[in-house]
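First chain written, first letter: the chains are A, B, C and D, and each begins at residue 1.
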Amino acid sequence: MNRFAISEEPFLIAPLREQLLGHDAGAYASFEGWVRDHNEGRAVQGLFYESYRALAETEGQAIIDQALERFAITRAACVHRTGELALGELAVWVGVSAGHRGPAFEACRWIIDEVKSRVPIWKHERYATGAPTWLHPDP
Amino acid sequence: MNRFAISEEPFLIAPLREQLLGHDAGAYASFEGWVRDHNEGRAVQGLFYESYRALAETEGQAIIDQALERFAITRAACVHRTGELALGELAVWVGVSAGHRGPAFEACRWIIDEVKSRVPIWKHERYATGAPTWLHPDP
Amino acid sequence: MSVTVLYFASLREAAGVDRELLPLPASLRALYDALSLRHGFSLPATKLRVAVDGAFVPWDSPLSDGCEIAFIPPVSGG
Amino acid sequence: MSVTVLYFASLREAAGVDRELLPLPASLRALYDALSLRHGFSLPATKLRVAVDGAFVPWDSPLSDGCEIAFIPPVSGG
């Protein structure tokens, strides 16, 4: 599997990881982003991710394809949640398999960095005190 | 959980990962090493890991403790298999949770690098052709 | 001669709708400036990217009848 | 006055046993040199680390009656 997907519902990692396994690959690196109970010093009570789904899937797939070109990896995939998420819920998962650990780690890091900077998904945070906010960080 | 363990039997990642979760951590990086069907150009049929178990557990725990000091991470753990392993079997797992992805990735990479260089575990490979070999790489 | 404009995140919240059908504008930049005035968008165009028909395009791309335009505020996934 | 020596990996294979009870040697280095001759170890001492009673120690550490010595060939876990 070499795919990027948006999931509007909670998703399981195990079957995604399974599809990256192979006797040719000796290394697997993964990343998960979870909803934290704080962000930049503010107590977070929950959040909502909105996406421009068609463009997010195109852009996400382009990132996976570019990772497969740039790094000596075997397979890569990423799934990003949208909708309402509770504290501790899984927001994003990236998995990469490779012959060796160096490229597995580097590609995994590169993919999450690119997803965070390029894929049209927006976070709306609700706080313990104060108005909820759409996050539009400076690039 | 902040622990290093040797496992003589196949082990499940899910309960280990579960223990690293927490509402305070937003990032989780993990690494898995699987038995490949080749190594340095030779077809591998299977392998055996031997450890000096008492020293391996002491040294592995020291690596986890050092990672917790060196990196801004929340929790870290590592389990290494010993005994007979088939192709595709899980040989080693490292999991790290942190507030942010940078330290999670860096600590995860550091832990597996240190485990590979310092923990008294030895790999015995069986090949399609030729005598099986204990691997004693130059440091 | 019209275009559809999609709104996301804070732009959607400010516009109060997630899409509008509007007359074909002279340019993407002219359209965003007009919409900023109308809806009170606080993000300057320089902070945004723009997509037409589901693909990112430069701000000076030509527009055609019936196209779908999305102004993309700084993203915050992950 | 004796020590136990533990063998692992290729040293265990060459020695044909995983441990031996031996007279207390003058030094770790003298012990390894004697065992290399006896068992035909191909790894030079410079490639090994050494542990006494379950902890890594320098090669010039003193030895005491009843201690457990392990010569640690280059590791290959992971």
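Here is the rule we go by: a residue touches a chain if its C-beta (ideal position, glycine included) is under 8 Å from a C-beta of that chain, and two chains touch if they have at least 3 such contacts.
Just so it is clear, the model here is predicted, and its values are computed rather than measured.
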Where chain A and chain C overlap in contact partners, by chain label: none
Computed distance of Cα centres, chain D from chain B, in Å: 26
Gap in Å, rounded to a whole number, between the CA centres of chain D and chain C: 73
Centre-of-Cα separation between chain C and chain B, whole angstrom: 49
Residue list for chain B, restricted to those that touch at least two other chains: 33, 112
Of all residues in chain C, the ones touching two or more other chains: none
Interchain contacts, given as pairs of chains that touch: A-B, A-C, B-D
Residue numbers on chain A that touch chain B, as the complex places them: 14, 21-38, 87-88, 99, 101, 104-105, 108-109, 112
Touching residues (chain side chain A, partner chain C) in the complex: 33, 49-52, 54-56, 58-59, 80, 91-92, 112, 115-124, 134-139
Chain B contact footprint on chain D (complex, rising order): 6, 8-10, 12-13, 43, 47, 51, 54-56, 70, 72-78
